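Heads up, the thing below is written out as structure tokens.
Per-chain residue numbering starts at 1, and chain names A, B, C and D are given in the order in which the chains are listed.
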Amino acid sequence: MSLLQEEREIIVNNEYVDNFDFAEVKEFVTNASKDLFISHHFKNKPKNKMLVQPRGGFPTYEKQFALSEYFVKANVDVLPLTVDSNTRLNDYATAKKMLRLSEENDVDMLNGYPLVNHGYRTTRKMVTHFNKPVSLRHGTPDARLLIETAIASGIFEIEGGPITYLLPYSKNFPLDKAFLYWKYVERVCANYSKLNEPINRESFGPLTATLVPPSITIVIQLLEMLLSLEEGVKSFSVSFAQQGSMNQDIVTGAVLKKLAKHYAAEINCSDAAINLVYHQWMGAFPMNKDSAEQLINIATVIASMVSADKIITKTREEASGIPTKEANAKTVANTQYTLGILNGLPNVVDEEEEEILTLEVHAIMEAVFNDSADTLWRKVFNSIKNGIIDVPFSPHIINHNNMITIRDAQKNIRIIKRGNVPIPDRCYAYEKGQCDLTKDTTSIVNDIIHDIGIMQ
Amino acid sequence: MKVVTGVVGNDIHVVANRLIDLSLQARGYEVFNLGVNTYLEEFFDAVVETGADILLISSLNGEAEGWGREVPRLKAKYKKLDDIIMMIGGNLVVGTGNAEDIIPRYKGYGFDIVCHQVDLNTGLDSLEEMLKERNLK
Amino acid sequence: MSLLQEEREIIVNNEYVDNFDFAEVKEFVTNASKDLFISHHFKNKPKNKMLVQPRGGFPTYEKQFALSEYFVKANVDVLPLTVDSNTRLNDYATAKKMLRLSEENDVDMLNGYPLVNHGYRTTRKMVTHFNKPVSLRHGTPDARLLIETAIASGIFEIEGGPITYLLPYSKNFPLDKAFLYWKYVERVCANYSKLNEPINRESFGPLTATLVPPSITIVIQLLEMLLSLEEGVKSFSVSFAQQGSMNQDIVTGAVLKKLAKHYAAEINCSDAAINLVYHQWMGAFPMNKDSAEQLINIATVIASMVSADKIITKTREEASGIPTKEANAKTVANTQYTLGILNGLPNVVDEEEEEILTLEVHAIMEAVFNDSADTLWRKVFNSIKNGIIDVPFSPHIINHNNMITIRDAQKNIRIIKRGNVPIPDRCYAYEKGQCDLTKDTTSIVNDIIHDIGIMQ
Amino acid sequence: MKVVTGVVGNDIHVVANRLIDLSLQARGYEVFNLGVNTYLEEFFDAVVETGADILLISSLNGEAEGWGREVPRLKAKYKKLDDIIMMIGGNLVVGTGNAEDIIPRYKGYGFDIVCHQVDLNTGLDSLEEMLKERNLK
């Protein structure tokens, strides 16, 4: 029995879990409709058509089904399945209890769909019914069981990664374990990819959605991509979220795309398909719902300027709470309309900004590669631990929190304290040069608070 | 005056928590910040341990309701928690709720001040008022 | 008695008109609050702040007042006063009757505010009450009486011109008369401009809002600007409307701004302030009101890319009818929010397109100037009459309607039949080269119908 | 079959008018297009002059209501207009109205077919139906 097989048996041997019939699952994936594979859509969509994917998860099967129905009516391209926060932290007991309360009382006691508790047999009915690709959104450091359940359900896009689903999503889950658990996920995805179209893996670029500079975002995207391709994944999406400055987004998209190709080639994985995903604004939203709609629409314009392959949407109700299915479907319809009428987009290139950002990314990547550990995941692990990678506003105890960023007059995110991150001196001087640093500390702290709320 | 604060349950929204820490300190409190992903027991243990006067809980991701219901049962297990001022704020329901329904419910769970989608500074102002009313400040 | 004075007396001697007290009006303008002058705001606004102006006119004073109140609450920069279609064609009798019906029955029987019937004494109360600059939108070939009434009311921005308010707005009003009547308007504006801040004149760039190519729009903007500056106007806004391709809009804005400066200098009028105004989409709107909001929002993004000094808004109800005050105010609030969160706009320059467009405009301008007539207005008159200037979809009998335009794949408007318009051969070849002209006539007609409705 | 068409009153919206002209011709009608800014008398005169079977009036800018009210009085002045099919379409009110109120009102003014915010082709299809019903086609 292979190591993977052994691990698998331990994982599925869990009191909250369906009894897995792996032979049947293999059969199912092999014969599954191509339409369920987003990798198939990426390959065959018209060049400039951006796929539209909302977010959304409700506790009960009925409500999740109704949500999907609304999305399909609104002309969705990719259906979401967002998992609740208990499942994310493997707390299936609480999830079970809250699911029962939600079913009994017609009030939602969970902020997402508890996939493990529902199980793959039930969920697959919904997925195959709609015959649209489904994307799994979770935020789970140990997602092994979740991903087995997802793929068995017909969900062929898996978001996340050991860094992006840990640093923003956990306080003290052990980072080294996360790498190993995600290694398992990558292998499962790679294995299933051989049966039919590839399973697509997607990294979660938004991170904490709070003043993360593009260099950190890109480095983490590249590293998760490498860790995934290493294990044999053949279709991967790098992503990032709207940052607050249109130009910085365009530059970030260009550099990310260019360097993803470059580093994939370095490990001889140029045969893998690499896609670019853009998230509508992920930070603090305005309470005013009309304003929220303007913000969402602008995000769609920027996504087009960035030439994203997929856009992940928000709703007018973001600031108030889990959105209703109506509000959620409305965004999908609006986004599709907007993409249809956005024409004659100029091709924007900002060479200076691209150069600075490229230098920063290369420098951090080099520092990671230069770590003395034997495997890539250990190098990355060490780099986070010693602050070579540092994510602003991460709640995780391992994260250094020594990098400080603020916005310049154009609302570009700039690094004003680099901490241990090896930002080259020239770039560091450039970044600081854009900002007014003559202010005292109190007003800089006030600026940061203001910068978090720029869209409000 | 001592405050224990943090974000309850499996909730990892840290941004407000960082700002709360700064604001409480700026207002002169001694702050024990347990951070995100803190369970109810940890809060009560910390109050006992530090001898805090105030327990200020945040919840953003919609879990508050589930945890709120546990408060009376759990609090009863601890002695000497009767005089503590209990405050909760953030986004206190899954989906959209309105304050008129929410506030009495959470008062029923034992919270003295309930701030559903209330700005931090407004919330902290009402804390000061209560402290004055109770002649604690 | 000067000629102007004589003409003035004939004009105001009209049974539907207030008795004019010109001495009092002069006094009023001289002492009027600077805040009422948009020219003052253009001069003093922060560099990148675009002024926001909605459209709107209701028949009764009460409804117009309530509309303005809503606008002010929504943080408007410039208030509109849109005049009804009877007043536009000097049919004050019908306007009077419909105003009475509207007042008696609480149902609107007019599509705008009948300014002449209300008179300046009444209207001035409203204008001074709000103390915001007001812009007069009409579409009147003979606007002499209307403008006298407007300025006496405290309305210090006058839209229109002999070409832009005639070719799209009239079937058979004599063009030569329009030039003379507008000459009167320019002089009145120039005279009043000496008393306080300048009265701002604005040309109406959208024309028929239907497949008008940028070269025609720009030529007409420049000519109306020259006709106005010639008479002593010191503050002038050139304008155009969203065309359907972001890049074409950016190019149009750049060329228009550059050439306005150039031609103003040619007649030694560099001392006049020239502003750029952008109209949100003026063509056929989608019936779906949510879609309409996306369209409006995108227009705001493009206006920012174009660096307009003012934006004129539409509403979610455009396709359905005269918008309610609520819908109208909502657009203002949304547009202000959007302008606030739009940051880091890239600076886009498309040299090739700019060159082509500049060549086209120069060629048409030269042809106009080469006309043998003695004055500029007669040269322009002749040029329209012989088709050197040709506006697609003009309802006016004098217009040639021989130019045919369609959209290319990027939705740029391209000239595929130039008629008598002296588009240089190189440019003409370029324009046609962007389009698929192998199709038969029927499918080209179908394409045109489709191109009119691209935003629907 | 002969059709007189145009846009009524001080209305200069010409785009639909151009398309109506094309569509009617494509459907085989003989079209007399008076264009925009056409007063009621001009329409009736043209019908008499050309011996048209159908009068198809457009209105977009909201003036229709005002002109519609004049139709009965004016039409009565003309002899031999009783058999003509009268049709009106476009945007028939100022502001937003709904078809249920609008259609009966305009039928009262003497129109046989009333198309408020109805697509041109749908409108022309209902014209053909009426022609069939009346055995004119």
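Criterion: a residue touches a chain if its C-beta (ideal position, glycine included) is under 8 Å from a C-beta of that chain, and two chains touch if they have at least 3 such contacts.
Because the structure is a prediction, the values reported are computed rather than measured.
Chemist: Determine the centre-to-centre distance between chain A and chain B, using the mean Cα coordinates as centres, and give it in whole Å.
Modeler: About 31 Å, centre to centre.
Chemist: Just give me the whole-number Å value for how far the CA centre of chain B lies from that of chain C.
Modeler: 57
Chemist: Please work out the Cα centroid separation of chain B and chain D, and write it as a whole number of Å.
Modeler: 69
Chemist: Would you give the residues of chain C that are in contact with at least 2 other chains, written as numbers and ranges?
Modeler: In chain C, no residue touches two or more other chains.
Chemist: Two or more other chains in contact with one residue: find those residues in chain D.
Modeler: Touching at least two other chains: none.
Chemist: Chain contact topology under the given definition, line, ring, star, complete or other?
Modeler: Here the contact pattern is a line, an open path with two ends.
Chemist: According to the definition of touch, which chains form touching pairs?
Modeler: Result of the pairwise touch check is A-B, A-C, C-D.
Chemist: Any idea which chain A residues touch chain B in the complex?
Modeler: 85-86, 88-89, 91, 94, 98, 101, 107-111, 168-172, 208, 210, 284, 287, 317, 320-322, 324, 393-395, 445, 449, 452
Chemist: Please name which positions on chain D make contact with chain C in the complex.
Modeler: 9-12, 14-15, 17-19, 22, 35-37, 61-63, 65-66, 91, 93-97, 117
Chemist: For chain C, which residues are in contact with chain A within the complex?
Modeler: 244-250, 286, 288, 290-291, 293-295, 297-298, 301, 330, 333-334, 337-338, 341-346, 348, 350, 410-412, 454-455
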